[in-house]
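Going in written order, the chains are labelled A, B and C, and every chain counts its residues from 1.
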Amino acid sequence: MSDFAASASAIDGADPDLKRRMRRAERRRNLAYFALILPLALLVLVAFVWPIASLLVRAVENEGIHDNLPQTVAALRAWDGPELPDERVYRLLADELAQAKGTPKLAAIATRLNREEAGLRSLVMKTARHLPLPADVSAKEALIAIDPAWGEPPIWKTLKRAGHPFTAFYLLAALDLTVDAHGHVALAPPQERVYLDVLGRTFWMSFNVTLLCLLLGFPVAYLMAILPVNRSNLLMLFVLLPFWTSVLVRIAAWIVLLQNEGLVNRLLLSLGLIQSPLPMLFNRFSVYIGMIHILLPFMVLPLYSVMKGISPVYVRAALSLGCPPWRSFWTIYFPQTIPGVGAGVLLVFIMCMGYYITPALLGGPKEQMLSYFIAFYTNQTINWNMAAALSAILLTATLLLYAVYALRFGPTRVKFMKAR
Amino acid sequence: MKMRTLHAAVLGLALGAAAPAMADLTIISFGGAAQQAQEKAFYQPFTQATGIKIHPGEYNGEQAKIKAMVMAGNVTWDLVEVESPELVRGCEEGLYEKIDFTKIGNKADFLPQAVNECGVGIFVWSVALAYDADKLPQAPTSWADFWDVKKFPGKRGLRKGAKYTLEFALLADGVPPQDVYKVLATKEGVDRAFAKLDQLKPHIQWWEAGAQPPQLLASGDLVMSAAYNGRIHAAQQEGKHLKVVWNQSIYDIDSWAIPKGDPNKAQALEFIRFASQPERQKAFSREISYGPTNLKALDGLDPKVLGELPSAPQNLAVALPMNTEFWVEHGEELEQRFNSWAAK
Amino acid sequence: MAGETNASTDAPHVRFIGVQKTYDGASLIVRDLNLDIRRGEFLTLLGPSGSGKTTTLMMLAGFETPTSGEILLGGQVINRVPPHRRNIGMVFQNYALFPHMTVADNLRFPLRVRKLSADEIEARVRRALAMIRLEEYAKRYPQQLSGGQQQRVALARALVFDPQLVLMDEPLGALDKNLREQMQLEIKHLQRTLGVTVVFVTHDQGEALTMSDRIAVFHQGAIQQIDTPERIYEHPVNSFVANFIGENNVLPGIVRRMEGGTCEVELDCGPRVLAHPGPVGMGDRTLVCIRPERVVLDPPEGHPNRLGATVRETIYLGDQVRICLAIGEQQEFVIKVPISRFDPGWSVGTTLHVGLDPNHLHALDAPAG
């Protein structure tokens, strides 16, 4: 009895120490794991998470007014029309504009206001030219004398609205929405609406390209999966060949082939199949051709990798059970390729959504997708807020799409595939 | 002017990466025939005279690149060629160094538009109606003819953008040249321009690179096109029978500008001074038919060469100067509206 | 059972007539195969890999076409009938259960293809699940089942549409030993109850002996012997069959005398023995074969084939002891002794006498070379 108690207490005594040692060993192991992923985690953080986060912030940032006219904006916070602001606000504006005069700050103010309404730039510049005001005059009268627009409430409303540090203006604009005079969100006037169309087009073209890639890529992948290795390797070479040439070179080649005096048209003309050259360039046709050419490998490779793992014995089994060949293919083989189809479709679709260079070079204005406008705002007009807003819309659309994919083809959905 | 090429992006990348040696100058232009002319007329003689090496590069006029460079405080472009609205906007926003004109020359010798707070004019260019005389039996003479698809059936080329295109639409619609910008500044005027463009939309082939119009004209893809006169001239030199209609053309100047914070500012200024001399300007105009900004360069220029320049008096008389202020003010709005219109 | 079909019970269910198969035009995988498979029998095609047994099965299933010759099923030539019209059930090596279908859907598949009514399908599926005792597993996916369960589902699927002929291509190869033996009995039992003809391919001779009505031993593209398991085991027609099936002692020698049902062979290791003659003649080189369990220990004096032997090694196997002996020059001779008759005094070097019963000692052909 006492022996038993002694040995039991010995175990109890050893227990905490053992646990501690185990915890220490675990901690060391976890640290080692952490060290292994640390470089990549840092890279992802610095090169991916941070830029995207700052992009999203940029989409709602409202630079120009609140940072350059802080006192005016603060004073306007208390004002809410319809009568004009008081003399103090006019004086603050005049002083702050005078301070900004001759520096890039003035340009920032002017650019930001001009974005709200074209024409305000010259109002700001013109006003600044007459500043600073003498201390003993009425700033209100002086500003109205410079330009009567200062005597109307709308300009002050605009200034107040543009003075918030954050704004939904760009995000709304990216969805063809504006805030009307009453502060309600409304659709932009028809002639200014473009992004909903473009977003729809981006989806539609991506959908078509993806579908065509699937239709063209599936048989190729299937053939590669069933051919003997030496011949499937040759086929693989052809599939991968486009990867080894620059995108620009490939696009230039398509321009040479498809133009009015290009090879294709000349061939068709000389064969007498057509009487005048077919317009094959700078339209949907050429964009689809160019995109499919570039994206096809991204469809074929996932399909192939999945198909390679599907044993031909399943189709044999179906045949032996009395199922005709075509039906065996569709009911037995095809469903097993779904993970590959899903991966290929997702990959190609998401790449399509961000396509820029091919539509820009092979398409007309009607073929431009959202990325074109992002580039336009980034490079041409330097409206980085708008570019960020459009990017945010594109990112959201892509994420939504991925969510749909994950629900439909995600791990839970295809778990029955794992064992094979 | 913007001369896009397929390789511009690639070259731009390469240039961004290569850091020039001390005292060398990196000069960025729009590429193409005009840059080749600059090489001969400015770069090579400058290197001979001063021993300063020049790294030429090209871009598409994207101010974003310069803005990014200036904001990051890492300016690797010493001198850039910019169009007038970008020069004005960039100067206000502090992207460019202010220029002390006393280091360049006598202000009075230059075209008034060539003298700016932050820039010095390089040359006068023109965007005009061009056509292949071998393919059209009858010569078009105005933008009204350009719009007349019955008289001249076939595709027309226009630059993909609001600038020039809206002006041409109003000119075609019968607005007198001196009123074009007045009309365009009103909402009705803009609607009118787009309505006019609607008429021609199915017949328009948009181009973006300055090199495209002469090619497309020569290949027969286009019957007429808006084109940069220098590009057409270069094609003429190669034996193409292309013609420029000076009537109702729009002209502007491209300028040198020094990005703010450039470490080689002194050399850059020296280069501008060198390139603005009448002799250099004359040499440039002999290479390509863009007009000198230094008026003294017009003296003693071969009348045949002079006749092909936008700044020749007879050509200037029928042309319309581009309104820089207008485009600074309305550019973003109109380009956006143009984009949404074109995309439909 | 088989009598309920319209064909006569005597007519073979399947006939191979002069069937040849080559893939490269040079070497024959199957050479001149003539084989009748009786209705309702369990026929095993047994042979090492590359012997042509699987190719024969695949030709019967329709996945390979004979290069020449004819295959008849129920009296009809089926050379050109595609596999899905042959109405032959098949069980594959790795079961080939459709991974994207539940167990029940796998079983429904052949019935749906045959456009049976929904009620009929459900009834049959229920019956099939009951037959393999997996009623609870109807809604599971194949990889949620154990290997044995998957095997039973594959079997049920091959039987659910009532085929008269079922082919099995090494169906038990992936199972562990215990499960395999259990499945052997189960398959045999099902085959008996249902009365279907089964053609079973295996390279496991134990499996073949346990399950088959008849065994066809394949080697180098030809059938070496086709007979009941007992005949195959006890009366192999050549040394390949003797060696391939069961354990076998081989003693090379020369036939010196033929006399009625026996022959006398002079063994290379010295002594002369009386043996049951196979396909050999006077003066031929021969291999005399005997199963270890047929060797008698300490035969009485006057036993016709009493030979002296030296113990080289003893291996304790629990119920019996394997003793490796040397007979003269012959170093490889194995006998099995029940543990009750084992004398612990036998150690390496002990001399014994063994008797080879002439009825179980077969003088078989010696392969050339």
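By definition in this document, a residue touches a chain if its C-beta (ideal position, glycine included) is under 8 Å from a C-beta of that chain, and two chains touch if they have at least 3 such contacts.
None of the values given here were measured: they were computed from a predicted structure.
S.K.: Which chain wins if you rank chains by how close their C-alpha centre is to the centre of all protein C-alpha atoms?
M.R.: Chain nearest the overall C-alpha centroid, as shown: A.
S.K.: Going by the average position of its CA atoms, which chain sits the greatest distance from chain C?
M.R.: Following the centroid criterion, the farthest chain would be B.
S.K.: Just curious, how far off is chain C from chain A if you go by their C-alpha centres, in Å?
M.R.: Averaging C-alpha atoms per chain gives centres 65 Å apart.
S.K.: Just the number, please: Cα centre separation of chain B and chain C in whole Å.
M.R.: 90
S.K.: Counting in whole Å, what is the centre-to-centre distance of chain A and chain B, each centre being its mean C-alpha position?
M.R.: Chain centres of chain A and chain B, defined by C-alpha means, are spaced 33 Å apart.
S.K.: Can you list the residues on chain A that touch chain B in the complex?
M.R.: 103-104, 106-108, 110-111, 114-115, 118-119, 121-122, 125, 191-194, 197-198, 201, 248, 251-252, 259-261, 282, 361, 364-366, 368, 373, 376, 378-384
S.K.: Mind listing the chain C positions that touch chain A in their complex?
M.R.: Where chain C meets chain A, its residues are 61-63, 82-90, 92-94, 96-100, 109-110, 113-114, 141-143, 157-158, 161, 167.
S.K.: Touching chain C in the complex: which residues of chain A?
M.R.: 311, 313-314, 316-325, 327-328, 331-332, 335-336, 338, 416-420
S.K.: Can you list the chain B residues touching chain A in their complex?
M.R.: 6-7, 9-10, 60, 62-65, 67, 89, 92-94, 160, 191, 194, 205-206, 219-221, 325, 328-337, 339-344
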